[in-house]
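Pasting the structures here.
Both complexes below contain chain A, partnered by chain B and then by chain C.
Coming up: the complex of A and B.
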């Protein structure tokens, strides 16, 4: 039983890793960022490239990936998203387009493959990130064997969630973001630079996705289209938890991850996944705004 | 990557004077791993470009999507991937392995040489793994062993925590994996990360090739097995030369060769021989000309069967080593006859798929 609960916890933390960044961008800015999965993908490729070209290990690649994806996010916000605020469906389509562009850029090695130039670590093939020996195999805690890498992921997720909470609730930037979540016009009227805050928020959300990507690279397949399925899971968690609520996102990922593990263990993985979708539908039917919401005025 | 095998063969044939004195012109289309796109591109090739032969497709889903186009328009498809059998189209030459060439030798070897008694069967959720599981179960029961589970994960999914936990708790002493694509990498990694080892519970795979091993990191697969007619490690002059020429052709000194690539390459030569024998490039000429054609492929002699247009191949079992290559631990002396309906009782004496097509009364 402990094994199953631990697997559930690990599934939850993977969901939360992807959803954290989305909770920030979707929750705070009301932008459906379909390119979020691609930020995870870029983070994973940063780890691959850092290993091949700079000799950096998985852990050292984490801050690097945060910087790379945060800058990429900032560029996307400045060039595209900024012009589309308040147009929900347009941002969805535009960011989806960006997602496809990014996937193909990696697959075609930024177009260089047309000229016969190949960059190690890019291209349509599958990539590989070496995992430090200490994170391979199992660790024994209280008589139970636990997967070392999954413990590492759970720990990193807790750290990232705490850091995100600290940014949102303990810094001036976070206070501005929360003001914008409640009422953007009023926040602007009070002298908050909404555009600048939004740009920083988008960069933060993208950077979190990049860190998620590095962690995924250690045990999942790194390929150009790896982000596409992740973004669906991410939105599922954010919507179930309640848009704009960090606590809701954490609670929803915990619920869905554990539920997935329990059903999958009792039946099989395919039914487990179906059951998760059933829970999401149920929650949205009963509480359309998600599990945790705050009252607007 | 498979297209490179076909293009390389065409280039070599052209350099040596072409087919019956005429050069081959290659038109390349990309199906983008999407059956619908495959169907569109096949239609374009057959109708607009008026080609009589297409080399390609990868998954069974893509082959099923293009099959009606070839049958209706009278064109020939050369299909190089190992597949589940249960097909008998007069418009397809199947040059990859079918289950009796991958499992017929494999399961008895697992039970007898490895001495395993409890098999956990795991696969991706679509037709190939399910058919492979059906063939395996028959062979396992015939060998006096038991299969303890037959489980599937959705195609393309990579969350293996629950499945590997089940393997751990199942009491199985060997895992038969029909997992395909990207999922293979996360499967082997999770397997090792949950503390299982290939020494105690080896993964015996039917799809895991040199490509996936390189992508997961060879240390996760060292000690596990795969059954294929071709491995890059085959130590013959013909294979050494093939690897060298392929690496020069793609301009990558570390490029990997594998079963489907080898089949993509040698099938072009079989096609050439068929045309030269029949003296014509029409579909009827290719179909009749190719029956019984033999070729010395990089992995040894191959022959297109006169009855079912599948390929005679030599079953081999490789054990993965720390360098990402295999050590051949078992191989047949000669190629064996392909039996696409082996799962339904087909034998060399009682063929279901013949020159006249499928005898469905036997199913």
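Coming up: the complex of A and C.
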């Protein structure tokens, strides 16, 4: 039973890793960023490239990936998303286009493959990143064996969640973001630079996705289309938890991850995932605003 | 002037004539491919009906397409001589034999758990009827629940998205019943009054082309009715429509169901043309791709969305003939989509409408000048 709960916890932590960034962008900005999964993918590729070209290990790649994806997010916000504020479904569609574009950019090595130039680490093939020796193998806690890397991911997820909370609730930027969540017009009237704050928020959300990508590169094969399913999962977590509620996102990822593990244990992996979708549908039907919501007007 | 004010009618008529005339210029192989794209055109129209006219973005339209496809494929599978006769006198689909428990009776009723569900499909018209009715009924139930709860906007998209992914997982998991990932292949032909619809014959192309024309005309007439006008009112302000006394969920549900039936029909025809049904119809990317077609063609126009779907697929087929361009084409689609959403929110049909409006605005002004000159 402890094993199953730990598998659930590890699934939850992955869901939360992806969902944290989405919680920030969707909750705060009302942007459905379908390219979020591709930010995870770019983060993972940053780890691959850092390993091949700079000889950096997995952990050293984390800040690098944060910087790369945050910049990519900033560029997307400036070029596309900025023109679409207030058109929620259109942001979904435009960022879906960006997602395809980013996948193809990696697959075609930014178009260089047409000229016969190949870059190690890119292309349509599968890549992987070696896990540091200290994180390999299992750790024994209270008579149970736990995969060391999974424990590392759970711990990193908790740290990132805490960091996100700190940014949102303990910094000036976070206060501006929360003001914008409540009422963008009023926030603007109070002198908050909404455009600038939104751009920074989008960069922050993308950066978090990049870090998630590095962590995922440690146990998953890295491929151009690895992000496509992640964004759906992450999005379901955010909506289930309640838009704009960080606590809700954490709770929903825990709920869905554990539920997935339990059903998968009782039946099989496919039905475990199916059960998660059923829970999401049920929650939205019963509580359309999500499990945790702040009182709006 | 009469011709210009009726340009919408002439656009529909022009497409109809064009579709019916295509067999004059192409061979059967090409027509078979075009027939598939016409099915996609139907999907585009179905998306435009809910998204453009009801303001409901259904990200799970593939569910209804998939139901239509699987229903038809089940019936056609049981019509296929090659896949039925392998190692058995009683007609049982081949994959069921492979998936059956040792010692299970070789009979459709009970060879694998739940295989009795295939029994009605021995009659080919069951497939045809279920393909259209089941999506409509399911959409009716979904609509009653979703719209009855006054759930709107992105939450409808999430529910429909989650549902299609849920069904995809269940279908792939039910390997003994659906052949899982492999889908249903090696199908027979639809037979109507002893005419067999060979997918590579002109008759099958005409079947699809006429169905598309009928669907487009019916959908266009439907949105021009009083009910269609009220639907558009609910899109623009559902609260106001509600306070004016209209049963908003009923209108939304009705059109949601109509759109589902169209998607089911498209799935059914697609199977007749392409001879397979697969869980890939239920993938997220397929459902979003339909929305892409509708957006490029014009979400606010049923004709535009259908034409968008057909055109994009025809270009894609042409481009994919050059191997180096296959991957590049996907990138182009991505760019096209971003550009359309930002600069052309009404799609190609919006562009056409604006062009026509400009043309019409110019004419009276000429007349006025002439009158003033006199």
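By definition in this document, the second predicted complex is superposed on the first by the 297 of 297 C-alpha atoms of A that agree within 3 Å, B and C clash if a C-alpha of one lies under 4 Å from a C-alpha of the other, contacts with A are read in each partner's own complex, and residues count from 1 in each chain.
In the analysis below, a residue touches a chain if its C-beta (ideal position, glycine included) is under 8 Å from a C-beta of that chain, and two chains touch if they have at least 3 such contacts.
Here the structure is a predicted model, which means the values were calculated and not measured.
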Practice item. Could you tell me if A:97 is touching chain B, chain C, both of them or neither one (first, second, both, neither)? Key: second
Review point. Which partner does A:188 reach: the first (chain B), the second (chain C), both, or neither?
Key: neither
Practice item. For A:3, select first, second, both or neither according to whether it touches chain B, chain C, the two together, or no partner. Key: first
Point to revise | Contacts of A:130 with chain B and chain C, given as first, second, both or neither | key: first
Exercise for review: Once the structures are superposed on A, label A:221 by its partner contacts, choosing first (chain B), second (chain C), both or neither.
Suggested key: first
Review point. Looking at the overlay, does A:268 come into contact with chain B only (first), chain C only (second), both, or neither?
Key: both
Practice item. Have a look at where A:173 lands relative to chain B and chain C in the superposition and call it first, second, both or neither. Key: neither
Review point. Looking at the overlay, does A:114 come into contact with chain B only (first), chain C only (second), both, or neither?
Key: second
Revision key, fill the gap. Note: overlapping chain A surface for chain B and chain C spans 229, 268, 270, 273
Exercise for review: Please name which positions on chain C make contact with chain A in the complex.
Suggested key: 57, 145-146, 149, 151, 153-155, 157-159, 161-163, 165-166, 169-170, 172-173, 284-285, 288, 291-292, 295, 324, 327-328, 330-331, 333-338, 341-342, 345
Point to revise | Complex contact set, residues of chain A against chain B | key: 3-4, 7, 10-11, 14, 116, 118, 125-128, 130-131, 136-138, 145, 147-150, 219-221, 223, 226, 229, 261, 264-265, 268-270, 272-273
Exercise for review: Spell out the residues on chain B that touch chain A in their complex, using ranges where they run on.
Suggested key: 125, 151-154, 156-159, 161-163, 165-166, 182-183, 185-186, 189-190, 192-195, 211-212, 214-217, 251-252
Practice item. Give every residue of chain A touching chain C within the complex, in rising order. Key: 32, 80, 83-84, 87-90, 92-94, 96-101, 103-105, 107-108, 111, 114, 124, 228-229, 232, 235-236, 239, 268, 270-271, 273-274, 277-278, 280-281, 284-285, 288
